[in-house]
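Heads up, the next two complexes both have chain A, just with different partners, chain B and then chain C.
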Partner chain A sequence: MDQLIPAFGFGLITASILAIAAVGFTLQFSVTNILNLAYGDIMTACAFAAYLANHAGVNIWISLIVGALFGAVFSMLLNRFVYFGFVRRGTRLFGMIIVTIAVSLIIQNLLLAIFRPTFFSYTASQGPSYHVGSMVFTASQLAIMGIAVVAMVCVHLLLTQTQLGKAMRATATNPGLARSSGIATDQVIDAAWLVSGALCGIAGVALVLNTATFSETTGAAFLVPIIAAAVLGGIGQPYGAMLGALTIGIAGEVAAALISPSYKDVVAFVILIVVLLVRPQGILSEIAAAKEVAA
Partner chain B sequence: MPTSSADGTGRPAQYLQVDDLSAGYGGTVIVNGASASVGPGEIVTIVGPNGAGKSTFLKAIVGMIPAISGRVRLGGEDVTNMRANNLAKRGLGYVPQVNDVFDTLSVFDNLAIGGYLLSRPDAAKRTEAVLETFPALKAMLKRTASKLSGGERKMLAIARVLMLEPRLLVLDEPTSNLSADLSRMLLEEHVRRLGKGGTAVLIVEQKALAALTISDWAYVMAAGTMKVSSAAKELLARKDIGEVFLGRSTEPASLPKASGGMD
Partner chain C sequence: MIDRLATSKLHASLAAGALLILAACGSNTPSATPKTYTGTLTFASFNPFTGPDASFGPEMAAGCIPAAKTINDAGGVLGHQVQCVAVDTRGDPADAVPAAQKMIATTQNLVGMNGPSSDEALATVPIIDRAHLPMFADSGQAAFDKSTYKYFYRLTPPDDAAGVAMAIYAYNKGYRRGAAVFGNDLSSQGNVPNLLSAFVKLGGQIVVNQTLTLDQSSYRTEVTALVAATPDVIFTEADPQTDAAYLSQLQQLHGMIPVVGTQPTVQPPWIKAVSGAIGRSTLSQNFAAAQPYSTSQGPAWEVYNTALLASGSAVPQPDQWSQDPYTETDYDAIIMMALAMLEAKTPDPSFYNAFIPKVVGNAAGATEVHSYKEGMDAIAAGKTINYVGAGGPVAFDQYQNSTGAFELIGYAANGSNPQLAVVSASDIAKLRQ
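Right after this comes the complex of A and B.
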């Protein structure tokens, strides 16, 4: 029990990072219908972009914005110049997954060639520690949780209160009908890559801030929990991804504390397998079901 | 501006004019040089056997698939291969046969997306007006579209399109999955009213008799081309109507040649 509450605290931090990443991942899939398995590597590339800014003397939180901007622009260009070419030729979901795996390997090896196989870290203080009950958080960790909450509120407001959000939801549900309702779906898809890429960038930098060091494989190693969170919530469901992130994040850290740290990812795998067996459409399944019908 | 009618059929000046349109999928030509037209306030139905290319013809008109050749004009403007979102801005409303609503969204959100091109105050006004036309939807604004019955769903699909007050409404098999009573209600009450209100309506329909009853003009499509072009009443009066619907008979057997013949 002594370990449980601090583990819950660690879980909240992991869940925060996971929520940002999983919402970006699932938003990308819901609007574009591309299951982007290069997402983790783009997180790493964003972390490196922030690293370059940080080591050029830029404050870490400004560097986080640099990482987010890099993620937004890189993701949109990746779609425009790589993915979209395959989509236009009629490459379907499974084929696109193979393409994203290829992109993942290319990004990882480019990072390896540019930055060499070693560990990197930001020049940033974790700040003072704060006690919340028997949980201890550094200022940096509290900031990450704050950023996650703000990001989730922004995504919620974007989806529910703006014309772009309305267009994204329509495009995600039925792109053909969205077009015939007057929505320029190409522009909406660009916007979805920008928004999800920015979330990817924030998640990449936040992940490194929490783990202290990183290499070219850090983001890729985080991909399984991201997918698990997205699948748990119902792939394509931003609110489901938030719920999935909370579950996977806390369950992983609790398992790490009670059993062994090496069980953290195992928990994500187990939850992923159980969900796929019991409720493959996820907790919030409407989008996934609609996509099956439309396919 | 609508082009003027010069074919001697007494039809109104044409708002939609399709000439020698060819279209298909993945290199396979399904529609081969088909022509049709619809005037303001006119209800035009395309009938024909399964696989005739009726839905493909509509999809090429509304920008869902590319036209291989031919020309589509809307209000005199060449809109061939124009994207569906730009056609919506020009007053074309399209209700597909399936996937005709946003399943995961509420009835209200479906209407809101139907009015995507409108300002907020205009969208609110249009929502009110559309709900007056389809009062049954008022009680289910918060319901998810996927949970609607077949009739409610089709009502929502048409209501969604009416948010933009289209000048041309294109309906692909609007009564499929509907009971006979609901089909009659939809066609006779709503579609006919739209036509009387000045909307040009183009329908593809399997339940041909019901659709022809409310139509002004009809085309029979078979093997990718229009075999017959005739006033709907004249088509309904033909004794060989069964053969005509299947595209096997093109010349009137018991009546003088249909006015206008082929466009």
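Right after this comes the complex of A and C.
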């Protein structure tokens, strides 16, 4: 029981990374209606972009920005030159899921071919440890949590206080009506891919800072909790994704402390199933229901 | 009426089943005369090349390729050149079963193989055995200690013997409070039962036994539980990313505790991942691993190592496998199969399989040979041979297992693996369940 509070603290670190990733993932879906299962692999590609910068002598936090920029540009180009072609041809949600799985495999194997099947680490210190009650955080973990908070606030401000954010929400709710109302939905979708791609990049680098080492499959292994967080919160609902990330992240660590590490994922997903049984649309979703009707 | 209907249905089902069994048996019954082969003969390296145990495959292929080179340099087998192909099982029975079926059905002139590993052995050994394909498994599963599969061979000790060797080493080093930290994959878990019982029998105490879900982003809660149990040694095997994350988080939260790992923890991907995460010097100060004992010297090893280093681009960084006992025995397996083909005068597996134990038989008057070329010349001269390979002498028991001692090796900051101790086969046997 005395491990419960430290476990809660560790859960916050996992939840921070998960929140950044899940918000990016769900933002893509809400604005573009594409459930991008290549998201985890794009995280890995971003981690590699940051790795190249880091090993060229760039500080890890600048490298994180490199990863975010790479993610933004890569995601936007991926949508423009791959996904959008299928959307234009009227490919339905399920068909698009298959396309994203194909992209996922292509990215993973390209990374394998380029970087070879081995493991990589950043040159970065975790910094000193700080005790907050019985919770322990390194400077690097505190930085990750800080980045998560800033990213969530920025997403909130973007969606609620800017014209672009309002246009994104309008496009998410009803793209046809948004277009009829004079919103340049194609540009809004580009912007959504840029923003979500940047979040994807930040999450990829933060994940690797946490795991200390990575390979071409690291991001893909993290995709299931990302989807779980997004679905738990209500797919397409950024605030729901934040809440879902907190729930999944903390539940896993607390379960590991109270029951057994073997049940870490099990407990998190039992919570997911129970919540979805009670509230099938997720904790906060309105958009998801609207999307289902549209599909 | 219902009973009659049911009975007639049962009879029909039994008849259909019997026909299917007969058909299946018929398709797998060896013919009375050996098959004729044209072209290059193929050996498969049937192992994970992707997935959590992706390091197993390259380690195995690094044994096959120099073996094929030495065979081809000596003129081939019965007029055939030989080649190696890699078959990826992904370390998962669900992928390995179709991979085995496809390999058997579509690989031209497939005459033998290395593998499978522990990850997929239980699912695929029966399939491969039914296809009459000699296999030299690197599976460490104790289930094969008394294997009755006619085409199954194993030149390396089972995983549970590795667990005993780790326990003996740790106890002899003065550690009394052990923590078992193993991944939840089949390969890792195979070590655990005998490790736990051996350490307790010796007088130690297992203070915590953790089964890790692989590739999580955080193991801090597990690490906190481990630290609270105050172990003085950690026994481990998990995939590189899992152990790297776990040990780096241990280092952050507490500081490193001595680690005793299994053979996969001395493979280059594990070393690279973990040393990248915790630093080379920390690793070299705190790390030991048990692996099958191999002298890595002598005439057979010289031939192996020369061929390995001459493999060119076929084996990336070949020197990393120079002293790897699994790669050495994978090499030996190919040489043994080729020599058995010479003895049988055919590459047909159904015929040469019976000769495999004979090429390593230590019969009176047998000529000891250390390479394919030496063996080929001796057989041509009508001599009985005893192949002593790169991995040392081979002595099959009645279950076609040849196991031996273990060595504990460290990790030096310069990348070498100094020997720390040797645990004899008899000491291991006393403590195995």
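The rule is short, and it goes like this: the second predicted complex is superposed on the first by the 283 of 295 C-alpha atoms of A that agree within 3 Å, B and C clash if a C-alpha of one lies under 4 Å from a C-alpha of the other, contacts with A are read in each partner's own complex, and residues count from 1 in each chain.
Operating definition for what follows: a contact is a pair of C-beta atoms (placed from the backbone, for glycine too) under 8 Å apart; a residue touches a chain by one contact, two chains touch by 3 or more.
Remember, it's a predicted structure, so these values are computed and weren't measured experimentally.
Student: Once the two complexes are aligned on chain A, which partner has more residues of chain A within touching range, chain B or chain C?
Tutor: Partner touching more chain A residues in the overlay: C.
Student: After the superposition on A, what does A:6 contact: first (chain B), second (chain C), both or neither?
Tutor: Once the two structures are laid over each other on A, A:6 reaches chain C alone.
Student: Of the partners chain B and chain C, which touch A:212 in the superposed model: first, second, both, neither?
Tutor: A:212 contacts chain C only, not chain B.
Student: For A:222 in the superposed arrangement: first (chain B), second (chain C), both or neither?
Tutor: A:222 sits against chain C, while chain B stays out of touch.
Student: Does chain B (first) or chain C (second) touch A:182, or do both, or does neither?
Tutor: The answer is first: A:182 touches chain B but not chain C.
Student: Could you look at A:91 and tell me whether it touches chain B, chain C, both or neither (first, second, both, neither)?
Tutor: neither
Student: Just checking: does A:163 make contact with chain B only, chain C only, both, or neither of them? Give me first, second, both or neither.
Tutor: A:163 contacts chain B only, not chain C.
Student: Given the touch rule stated above, what does A:174 touch, chain B (first), chain C (second), both, or neither?
Tutor: First partner only.
Student: With the two structures laid over each other on chain A, which partner does A:136 touch: chain B (first), chain C (second), both, or neither?
Tutor: A:136: touches chain C, not chain B.
Student: Report the residues of chain C in contact with chain A in the complex, numbered from low to high.
Tutor: 49-50, 54-55, 58, 184, 210-213, 215-222, 224-225, 228, 240-241, 244-245, 248-249, 252-253, 268-269, 272-274, 276-278, 316
Student: Could you please specify the touching residues of chain A with respect to chain C in the complex?
Tutor: Residue positions touching the partner: 2-3, 6-7, 10, 13-14, 17, 112, 116-121, 126, 129, 136, 138, 207, 210-215, 217-218, 221-222, 252-254, 256-257, 260-262, 264-265.
Student: For chain B, which residues are in contact with chain A within the complex?
Tutor: Per the stated touch rule, the residues are 62-64, 83-85, 87-89, 93-94, 96, 99-105, 109, 112-114, 116-117, 144, 146, 160, 164.
Student: Note which residues of chain A are touching chain B in the complex, please.
Tutor: 163, 166-167, 169-170, 172-174, 176-185, 286-287, 289-290, 293-294
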